[in-house]
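Mind looking over this structure? Questions follow.
In order of appearance the chains are A, B, C and D, and numbering begins at 1 in each one.
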Amino acid sequence: MTADPLNREEEKETGRIEAFSDGVFGIAVTLLILEIKIPQLADVPGKGSLAQALARQWPAYLSYLTSFLTVLIMWVNHHRLFRHIRRSDDSFLVLNGLLLMAVTVVPFPTAVLSLWFRTPETQTAAALYSGVFVAIAVLYNVLWGYAARRGRLLGKDHNRAEVAAITRQYRLGPLLYLIAFGLAFVSSAASVGVCAALAIYFALPGRK
Amino acid sequence: MTADPLNREEEKETGRIEAFSDGVFGIAVTLLILEIKIPQLADVPGKGSLAQALARQWPAYLSYLTSFLTVLIMWVNHHRLFRHIRRSDDSFLVLNGLLLMAVTVVPFPTAVLSLWFRTPETQTAAALYSGVFVAIAVLYNVLWGYAARRGRLLGKDHNRAEVAAITRQYRLGPLLYLIAFGLAFVSSAASVGVCAALAIYFALPGRK
Amino acid sequence: MTADPLNREEEKETGRIEAFSDGVFGIAVTLLILEIKIPQLADVPGKGSLAQALARQWPAYLSYLTSFLTVLIMWVNHHRLFRHIRRSDDSFLVLNGLLLMAVTVVPFPTAVLSLWFRTPETQTAAALYSGVFVAIAVLYNVLWGYAARRGRLLGKDHNRAEVAAITRQYRLGPLLYLIAFGLAFVSSAASVGVCAALAIYFALPGRK
Amino acid sequence: MTADPLNREEEKETGRIEAFSDGVFGIAVTLLILEIKIPQLADVPGKGSLAQALARQWPAYLSYLTSFLTVLIMWVNHHRLFRHIRRSDDSFLVLNGLLLMAVTVVPFPTAVLSLWFRTPETQTAAALYSGVFVAIAVLYNVLWGYAARRGRLLGKDHNRAEVAAITRQYRLGPLLYLIAFGLAFVSSAASVGVCAALAIYFALPGRK
């Protein structure tokens, strides 16, 4: 059977893309913690306690949680795509790279949001934050659209119903994050709340 | 045999979760070193030497050692779980993600403890430090409980005695770290000492 | 067939080099985001807004994009090399290590360029930036030259036409980046523009 | 053949340790670049140029090169050990973890050396730097000694001559780094020079 070595070659190929992507997701998610500031001795000048200084940083913890959960969900989704994708080509590598670039950007808006959430500039921070998620959601659609169009990079035996379900579900992503982006100009809390709710919603079992 | 491709698919699935988890453990553990401050030229103003400045940072080295060893033990335990876990589902992915989130948090309380250990706020720092370990220990129980309940995600041929032994051993974790957490309000040295002792105890061979 | 276990051993060997390299590429690319500064509260003193402070950093975003895309292309190329390389030896490990070292250096000139792009020192920054890419392009040629000379580390059944095509294409790299390097002393914008154009050009499909 | 699944299980086991170790080596080596300071606008006050500010940092570049090359050689050696090691146990996991801990420490003495190399405290910095390498070399001997004693974790068909050659070669490591450590108290340049020479020597082909 000449098909065997070929399949193995293909699997090795998508396997290396998956491994590289996993590495980038894993590092992006782990770097988030570096954006949480350590209260310095000088920041707690007699009149306060370390506990209060830590408590005062609550927007940083909420941003951390929301970003971590969101990137985690994205990783789960990436994982799911590669259950169907069996081949790769140069365009796919580049599109996947652009998606990874957007994912590695996440620590930046997370840190901006943490720092500026309770200032008059909070809406700009929330728009930046949800805007990055809009970009990521769009890039997921582009990547999947490229791979799935006429089954381009899917296995010959791919499950059409499941593929169509992913396509439908992914189309919702940019819309939902656009709502969060629009809300940023009204209320940054509402905008970030939608981002957090989306992460929790997609994390809950039952959605598949 | 139709079972073969299925098993391979399953193994690939848990394999990718393991690889992603390994990446996160590896990065979390490596980032710890960034929290140890480099003595700056301005910090050593004539009246001291670099050696003294380095020596003065001993709480940072002890926190580093304790955190590294603790995360290492957690990685070994994660490793052990996946010897029994053969399948995955969306809930499991999310629970594993929450566990990883707690692990990536570790550099933060480690840095807080390093900086605040010899200040009047030391008990708050120790409570934060041991508190994160309580959370991780609880999440291990939740993850393993989900996977092992009625053998949900285990292999059909899983070793029941070994699975029960893990369940029993894991139940101890939150209790032991709760003791460290409680001690923080009495003596931060005792609290951190218990964390260090637990890491060394679990690292010693013979425990399995 | 005694050849089978041998091949498997070899594949495991190059597999581990690929995995290690992927890790380094993935981390280098993800660390880039840490070089983008978070606008601090003190940086926006009444007379400006966060949006303006973010906008003012545009050279940092452009450097980020160019560096990310360039390292991504390098990863794709590394990927491509290992489709042909089947064996390894100590010299190859060291040459690959030197290439990885040059790749991990990228965040440094990227940060220098971001900070100094709109200052009188911009040409120095652009020369450093493009100079690192010259070094990486040269190291790619050295690595590939070592592996491909008389098929030293290639599979016995390697595609000679494809191998020759890679050799020809790689020879262009150092020349093109040398042009960018030379341009730095005339116009830093032109120099960085060539780097960005090269990244986009190599990223576009059709080139192979 | 009942032996087959067993071997596969074992290989998966050491495979995961290798993957985790590769991740830690890869991250430790990539984090080194973060220790090289970006010259700030305020550091170049009229009387100097960016080029001079960059040139003035040469100890940082030399420390970077030496540390990168040394950790790379260590990775190659780790790689080599796992060609012989076929099984794992809890003690081995912990010993490997301690070795990884020592490796992740490397960015710290590297940064201290970079900063303090041209100060009166340079000998302390060089002693710290070479001291960490002494510790790593000792831990390599402990790890390999544990694995190789009476072939404990080696394959049944391990090449005794090659194993003995590794044992002999490794015993030299702590001695050579102890010389570098001792030299630190005479001349920091000589001490770091020995570290650099050792890295280059071990990197040169022909040694195996």
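Basically, a contact is a pair of C-beta atoms (placed from the backbone, for glycine too) under 8 Å apart; a residue touches a chain by one contact, two chains touch by 3 or more.
Please read all numbers here as calculations on a predicted model, not as lab measurements.
Between the two copies, chain C and chain D, the C-alpha superposition involves a rotation of 90 degrees in steps of 5. The most distant chain from chain D, with centres taken as the mean of CA atoms, is A. Chain geometry summary: the mean Cα position of chain A and that of chain B are 24 Å apart.
Centre-to-centre separation between chain A and chain D, using Cα means, comes to 34 Å. Each of the following residues of chain B touches two or more other chains: 19, 23, 27, 31, 34. Contacting chain pairs (ordered by label): A-B, A-C, B-D, C-D. Contact residues on chain B toward chain D in their complex (touch as defined above): 18-19, 22-23, 25-27, 29-34, 36, 38-41, 44, 49-51, 54, 65, 68-69, 72, 75-76, 79, 203-208. Residue ranges on chain D touching chain B, taken from their complex, read 16, 19-20, 23-24, 27-28, 31, 34-35, 89-91, 93-94, 97, 100-101, 104-105, 107-108, 111-112, 115-116, 119, 121, 124-125, 128.
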